[in-house]
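Notes follow once the structure below has been shown.
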Amino acid sequence: MIPNDTALLVIDIMNPFDFKHGETLAQHTSKIVDPINSLRRYCMKHQLPTIYINDHYELWKADYKEIYKKCHNKTSDPIMTPLQPMEDDYFLIKPKHSAFYGTALNTLLHHLSVKNLIITGIAGNICVLFTANDAYMREFNLMVPGDAIASVSEEDNHYALTMMKNVLKAKIDPTGGIL
Amino acid sequence: MIPNDTALLVIDIMNPFDFKHGETLAQHTSKIVDPINSLRRYCMKHQLPTIYINDHYELWKADYKEIYKKCHNKTSDPIMTPLQPMEDDYFLIKPKHSAFYGTALNTLLHHLSVKNLIITGIAGNICVLFTANDAYMREFNLMVPGDAIASVSEEDNHYALTMMKNVLKAKIDPTGGIL
Amino acid sequence: MIPNDTALLVIDIMNPFDFKHGETLAQHTSKIVDPINSLRRYCMKHQLPTIYINDHYELWKADYKEIYKKCHNKTSDPIMTPLQPMEDDYFLIKPKHSAFYGTALNTLLHHLSVKNLIITGIAGNICVLFTANDAYMREFNLMVPGDAIASVSEEDNHYALTMMKNVLKAKIDPTGGIL
Amino acid sequence: MIPNDTALLVIDIMNPFDFKHGETLAQHTSKIVDPINSLRRYCMKHQLPTIYINDHYELWKADYKEIYKKCHNKTSDPIMTPLQPMEDDYFLIKPKHSAFYGTALNTLLHHLSVKNLIITGIAGNICVLFTANDAYMREFNLMVPGDAIASVSEEDNHYALTMMKNVLKAKIDPTGGIL
């Protein structure tokens, strides 16, 4: 079902959830851990690249372990720990919302001959949506499994999925439907 | 009220409205003509730059008159004609949704020492929203008068304004409130 | 000899030559008019796109005729007049040295499915070299005919060609050799 | 002498020197170690940021230690070891020649309110020159100490300095002159 020239993006999953509505976002995010892990296993098995792109929390360093340490707490642990990147995964930091802004993501995707992106992570209506739009402008084909993105409010999440479907022509089938 | 280092953006106002829901978008757009013209007059009087950024409809030419001609029809006339750019206005074309993607807009704004943007035009939840996000990532301060952007659906327009207010920290007062 | 997915770039050929060493640059540029025109004819015949990219001389408008008028003088006439773009040519403005910086060039080239660039114009060691480097970073294959670029000094021109050959892996055969 | 809003860039100094002319480049680079270290000490003392930007040697990870390990050998040791970044230095990877292409450098510099750059490293006529040009297009003021950049050939290094002085308006005084 998934073409060979596909990569999986995992956005902002290293997160302290220590801001306003952070607890709510963490609750919603806990439900996307399993779907994202299904996608990761699929990609590993089929040798498709998995690329984490994450806020750097003022570290300005693409050091997964330092970011993990900085974000780790009781709320984030059940999300971050099962979603830790594997040795072969790519791990990029992003300075702003979009995973394409001020990062090597576009160059990496071309280097890997990727044409299709599965976009997952948080928050669905912010970093995920703006990344999806930048990907669409760069002419990638998008899959955004509805059960693999989360937002503070259900309504926001739903709206983002609708936008990505209608405006960015993304496939938004659930994980089970695309694997 | 409006700082000196401000520019007015007018997005995709040259438009044939000949697509699905185009008539509806034209109806909603007809209501933002007067507010945009108030903003244009204010900017002209205070010597603030007005920058049109528009789809080029496969012309790939930043020639306002050709684009006007290509888009002109009974539906678009009442919108496009009163909003025609003045001799001193800037007129850029954009190849994709965001006014910053593949354009000289960022360079022009730096050249003009602009720090604040008033964003107007259509569609509120697509090109306006994605332009606003790109502007925010580039650290411009945003004003988005709610009566100067239009979308196909009122709900979409409202949602875009809410996003721009909450996520992009835009001021969304109506035109009358910011002038 | 030239693959189908090739475009011709003509850089900064609309030029008043009214700066220091401008007369010298004009003299050197007069010698590249014929080679560029051979390339243009070849591209027209084989339906390959020709893309002019030019400084806008503070007009910030991609209006070929206004730029021509602004640059026209006794020195520039013998260069600019025979090199005027045809109706179907693309004409972009650039705000800085590189034809890729703050322009829609990359998007246009992807839209046209272009993989190979023939780069011509002036000055060889400035705008041509920096454009070539940006093209190389974006993974275009480069042809830079040595008789179709000009610089103020012969040494500079030679150096730029050497750089483009050694660092950017450009073919630098003369026009006659690549057509 | 050096304004407060200045950052030091150290380009591609983590390097195996295992390519054609690598030994020669290493010899030339060994002479710039002390000048770069003088600049680093000055910046540390005056709390100016030092930013390393380096090729990632197909690691695609901004992990200084892994890159150091990958590049370390008898030739590179006398260069890389004394130039190792400090805990507080920034360390970015770049996918291509220019330190601005596909990196967060521009965003980081804005975040740090930097307006002036001291550019050092290798190779002077390739990554340093193309970085300098990208910095110039983004309107940074440039200082490029002639004794803190190195190239394979002296002539290339000299040429790059001349280009940066004449075209990019860089100050090219030796380290002793700018500190």
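Order of writing sets the labels: A, B, C and D. Residues in every chain begin at 1.
The rule is short, and it goes like this: a contact is a pair of C-beta atoms (placed from the backbone, for glycine too) under 8 Å apart; a residue touches a chain by one contact, two chains touch by 3 or more.
Chain identities (UniProt): A, B, C, D = Isochorismatase family protein.
Since this is a predicted model, take the numbers as computed values, not measurements.
Chemist: Hey, what chains does chain A share as contacts with chain C?
Modeler: A chain counts here if it touches both chain A and chain C, which gives B, D.
Chemist: Once you count every C-beta pair in contact for both, which comes out on top, C-D or A-D?
Modeler: A-D is joined by more C-beta pairs in contact.
Chemist: Name the chain whose C-alpha centroid is farthest from the C-alpha centroid of chain C.
Modeler: A
Chemist: As a quick test, compute the distance in whole Å between the mean CA positions of chain A and chain D.
Modeler: For chain A versus chain D, the centre distance works out to 33 Å.
Chemist: Can you list the chain D residues in contact with two or more other chains?
Modeler: Answer for chain D, listing residues that touch two or more other chains: 96, 101.
Chemist: Can you list the residues on chain C that touch chain D in the complex?
Modeler: Residues of chain C touching chain D: 96-98, 101, 125-126, 130, 133-134, 136-137, 159, 163, 167.
Chemist: Quick check: in the complex, which residue numbers of chain D touch chain A?
Modeler: 60-63, 90-91, 93-96, 101-108, 111
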